[in-house]
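Structures for review follow.
There are two complexes below, and they share chain A, which is joined by chain B in the first and by chain C in the second.
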Partner chain A sequence: MDCVTTGGNVKVLAKAIHSLSKIGEELYLEPVEDGLTLRAVNSSRSAFACFLLSPLFFQRYQAPSDHAFRCKMPIKSMQAVFRSLSSLERSVEKCRIELNSEKNRLTVTLHCKHGLLKTHNLSFQDCESLQAVFDKENCANVLRAQPRLWVDTVLHFPPSLEEVNVSVNGERVWLRNHLEDDADPSRAMMTELCLSAEEFDHFAVRSESNITFCLKELRGLLVFAESSGLPVSMHFDEPGSPVVLSVSDSVLDANFVLATLSEDAHQRNHNNNKADRREAQPAADDFMSDDMDSYLIAMEASDLPGDLPGPSHESVPPVPQSSTNHRARLPSEEEEEEEEEQVNQPPNKKFCSLFFGSVLPASSQLTNQTIQGQEVLASDSDDEKQEE
Partner chain B sequence: MKFRAKINDVGCLNHFTRVVNTITKLTKTCVLRLTVDNMYFVLSGKVANGGVSMWCELLQVNFFEEYQLEGVSADANEICLEVAPENLSRALKTAQNAKSVKIKLTKKHGPCLTLAAELPSLSSINRIVTHDIPVDIIPKRLWHDFKEPTVPDFDVSIYLPPLKTMKSVVDRMKNLSNYLVVEANMNGEMNLKIETDLVSVTTHFKDLGNPPWGDNASQSQSQSRDAEAMAHARVDIRKLQQFLMGQQVNPNKSMCNIVDKRIIHLILLQEDVSLQYFIPAVA
Partner chain C sequence: MPLSTQSQPENDEYILIASLDNVRNLSNILKAISFKDHAIFNATQNGLKVTVEDSKCLQANAFIQADIFQEFTLKEDVVGFQVNLTVLLDCLTIFGGSTVPGVMTALKMCYNGYGYPLTLFLEEGGVVTVCKINTQEPEEPLDFDFCSTNVTNKVILQSDSLKEAFSELDMTSEILQLTMSPSHPYFRLSTFGNSGNAHYDYPKDSEMMELFQCTKTQTNRYKMSLLKPSTKALALSCKVSVRTDSRGFLSLQYLVRNDDGQICFVEYYCCPDEEADEE
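Up next, the complex of A and B:
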């Protein structure tokens, strides 16, 4: 393998790696005929991200002759190469990634101004191909918007918020913060943002739906999309099936596949507030014209039990322990996964349905085949650590 | 009980946001008292918050274009809520470039202060973001805790040096000691000092001036004092630092009253906002 990229594309490559680092701790690198793929998956396998940089992205692109090379490495080591974006922009003219098969190293060379040459030799591990199976073309709902809109939207939610709930109908999109099962709804601040369809470049909703997914990975993709100025599309169906966030232009393709909360978990969480949500929605329309009486509160202060602390308000139904079934695992990683699992039992959230067609050999890989019944329990309690 | 208020002006919105941010730096929870003319943020001196109390008063008309209030009853036409100012501050932060912001009392899962902001959008229809901030309604029988504090019968009253200067002094002193002595006299002199086994540090300020309190009851006592005599109070340095750190209102006047060995009473005044902060002395 030997690829050379120049000018602004070096920064694009750097941003891609940076946004992949928000997903997982390892970078899976696989040169194929269609281009160079960079992939990452989170520890609980509920989020998968893939960048495909086409041969045209590079000044020179040579896939390995035997078509069988693929590797993974700690993403931190690759990030270190592209650490300083500003110096990258200022001084790097050319970046070359090649496989040094004699030394078994992946060599990244940065050609900087004044003839300065920075060479990084990265060690790597062989690995299976990593591929999530998803079919975004057949998703009922597609929203596409400029990255600015998504960034402005996400800004309204606190950085500590893990999951966001998105619901759509024919004219509008609502985003709300999703409450953890153990959170007391009467104690938490609820934020809701309503966007009209007109703000989107493309707005196709065939079925009204309501999904919940992790915000962190969306933020990761936005890092990339914002710097490249490319519109972000969101493809989704009903709760439980994955949401696909994608960015593409003529020389690159990025897909972030995120698990969504399954229906039952969803219902429990959003049932209690469904009633007032329905009431709240029309209110958005007549923001300017509402009269005070519609917000009348039938409450007499002196009758209330006063400022009693939360627990007396509402009890959240106990959550059944969901079994940990990591069925869609890569065989090569079985061992380390096992360890991970013991160290930090993932909290019982009910994300599911990221299907990995990973065991198939590259030659016969049917990327869009759905493998039924492979569920992945999600949640990445250890993800916070890698955030920097 | 009804409450609804609306801000249309971006200057007012920024001003209000700064006040709320200041409160946020001072306390995790406080009481929001709403009356027909004023809005108050109150922290009453409980042991749990180190005996510190706070009283912040906003003149409603200077912030809100619309302000409608219907209190608990006709004879008690006000509302008292317990709220986490941090939530309010977070909600206001996302509304920074809003065309208008509405704050109203609503009933969701429980009582909430709902802040709805109308944001500019790419289309003809505005973006609306709403934040439901949970609050606790405080029953009338507990209201007596949240009355305006009286100005203590102070020994010395003095104008403060620029708060930034004070902050940089206090920040450095904090590395050396947990307690700081504030002392001042009626001759415009103030000292900030720390004393530990290893080191004593004093910063002297002079020509600060002493505010005239007119017919105030305290004056007789203050005047009979020797102008040079220092009144002092030893306070938890973190409490003072918190007060100096959170400052986002640029006060026209800032002053400090000291009751010898009892309490320091800090006052910041602006045209439409006043903030009082009480830090008890420790032995």
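Up next, the complex of A and C:
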């Protein structure tokens, strides 16, 4: 892999990485024929983000000849390269990203004013391809607006607010803060905004619906959209199926796929706030027999030569939402993320991890492992990937 | 701390009197070397030299020439004492260290010799504060024996270009590796941190490079924790001279322009990291 980008596009690249850092801790990087993909997923796998920078985005773009290279790295190490946006704008003239396969390093070179050359050799890990399967074209509802409108709208919600509820009819959009089920509505502050269809560049509502999703990731995308001045589209269906936020222009595409709260789960939460996690288990089986719904997000797994022995698929069977099931994650990542999760994630979240389907290998053995893995909440470390 | 342990001299008994219209001309430059509490003051007819050391591996000197002071009277050839630098800086900025133009704190600093406190008279807007800081037995500063005849490599850079590099340095790296060479990479700063390594290369013909005199390729490692305080001096300075001698000792000399456009110098000496020698 060898790609070179210049001028303002360096800042676009930096902003893309910055906005991915709002999603997850790791950056998945994969150069393909269509361009360089940068992806991130959150620890509960309820949010996925992907940037595709087309070959035209770069002054020079060469995907690896064997098409097999993909890697992940802590997003912080990539952020460190693009730490100061102001100095990027002021002094960086050219940025080159290349794979040094001999040293197993990803080399990012910044050519700055006055001949200063900054070379960062970043270590990375091999990884599976991270891909969400979603079909935004078939979504019933599409809203598109200038980033300014979204930013001004989101601004009214307090930074501490986790989830926002969006409802649409043929003429209007309402946004309100989502109240936790155990919150007392008489005490909580409610914020509600109503936007008329005219405010949007594109407003197509085929079915009235009402969805709830996390605000943090939307804010992450807005950071990028605002700096690039690109309109933000929102594709969504009924509650429970993901909402896709996207930005695109001729040389780049960005899609942020976020879980929405299902009505079903909503109901259950009302009935039984302390639903046992195990309640969710049978659903995994249900899913196995289901056809792959087009909107489901799948984590595709493919074995890489560089992988350690052991099951390497990063597949998560989806589990319907319940008050406690946000832990449904890879067994292999369970342990290393346990700690972060406790710090970063509020307990009893209702979405999360729900809609990530999986493209499972045909082998029934693997399927079984996935299901078994699902039940193991404190993992055995056999599956643990090698840390650098 | 009771001041009564050190007796009060009469006005005309001071052996050192130094006055400044703008105390920032002293306090700023002292901040550039304030990484340890103990500061050794050494006053001669040329001016004031303040020395701070760490771990017997790092020494910082600030030079404030006599003509920076509006009054600089010395009754002996050499006057030496040691004070707590943090306390001194707190006193010098006792009026808040305002940077508003036209608002200046004036200083008169007096010392009556061995066993007496350092007395500071600070005045701003007609308000006078008198501070007395107990002095300590002066220690003998380390002699790094860094002499210009042994200098192998020397470059002078405009500080702005180094400031950016130092602000971005990967602090997870324990060491900063400095390579100076008559051929590529000429002048290179390297870090080796958790996420990988990073190199910052400055070509010898860069506009930022005022002088490039490298005779031999030299690569030395210095403890990041020791070099960290020097960024304070870097931030204040407009030019920096980087020199290494045949033993790998590092000398960083910073040219600092004060509020009145006068020039002072701050100098850091640092020992190379032992492990690098063994490799």
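Note that the second predicted complex is superposed on the first by the 265 of 388 C-alpha atoms of A that agree within 3 Å, B and C clash if a C-alpha of one lies under 4 Å from a C-alpha of the other, contacts with A are read in each partner's own complex, and residues count from 1 in each chain.
Just so we're on the same page, a residue touches a chain if its C-beta (ideal position, glycine included) is under 8 Å from a C-beta of that chain, and two chains touch if they have at least 3 such contacts.
All figures in this text were calculated on a predicted structure; none of them were measured in a lab.
Novice: What's your read, chain B or chain C touching more residues of chain A?
Specialist: B
Novice: Classify the contacts of A:116 with the two partner chains as first (chain B alone), second (chain C alone), both, or neither.
Specialist: second
Novice: After the superposition on A, what does A:191 contact: first (chain B), second (chain C), both or neither?
Specialist: In the superposition, A:191 touches chain B alone.
Novice: Going by the contact rule set out at the top, does A:169 touch chain B (first), chain C (second), both, or neither?
Specialist: neither
Novice: Is A:74 touching the first partner chain B, the second partner chain C, both, or neither of them?
Specialist: In the superposition, A:74 contacts chain C only.
Novice: Between chain B and chain C, whom does A:59 touch in the aligned arrangement: first, second, both, or neither?
Specialist: Neither partner.
Novice: Could you look at A:6 and tell me whether it touches chain B, chain C, both or neither (first, second, both, neither)?
Specialist: A:6 contacts neither chain B nor chain C.
Novice: Is A:248 in contact with chain B, with chain C, with both, or with neither (first, second, both, neither)?
Specialist: neither
Novice: Considering each complex separately, which residues of chain A are in contact with chain B in the first and with chain C in the second?
Specialist: Correct list for chain A: none, the interfaces share no residue.
Novice: Show which residues of chain A lie in contact with chain C when the two form their complex.
Specialist: The touching residues are 73-74, 76-77, 80, 83-84, 87, 91, 105-106, 114-123.
Novice: Chain A touches which residues of chain C in the complex?
Specialist: By the definition above, chain C touches chain A via 161, 164-165, 167-168, 170, 194-203, 205-208.
Novice: Which of the residues in chain A end up touching chain B in this complex?
Specialist: Checking each residue of chain A against chain B gives 146, 149, 155-156, 158, 185-196, 198-199, 272-273, 276, 280, 284, 287-288, 292, 295-304, 306-308, 313-314.
Novice: In their shared complex, at which residues does chain B touch chain A?
Specialist: Touch list, chain B to chain A: 1-2, 4, 68, 72, 79-80, 82, 87, 90-91, 94, 102, 104-112, 114, 116, 118, 121-134, 136-142.
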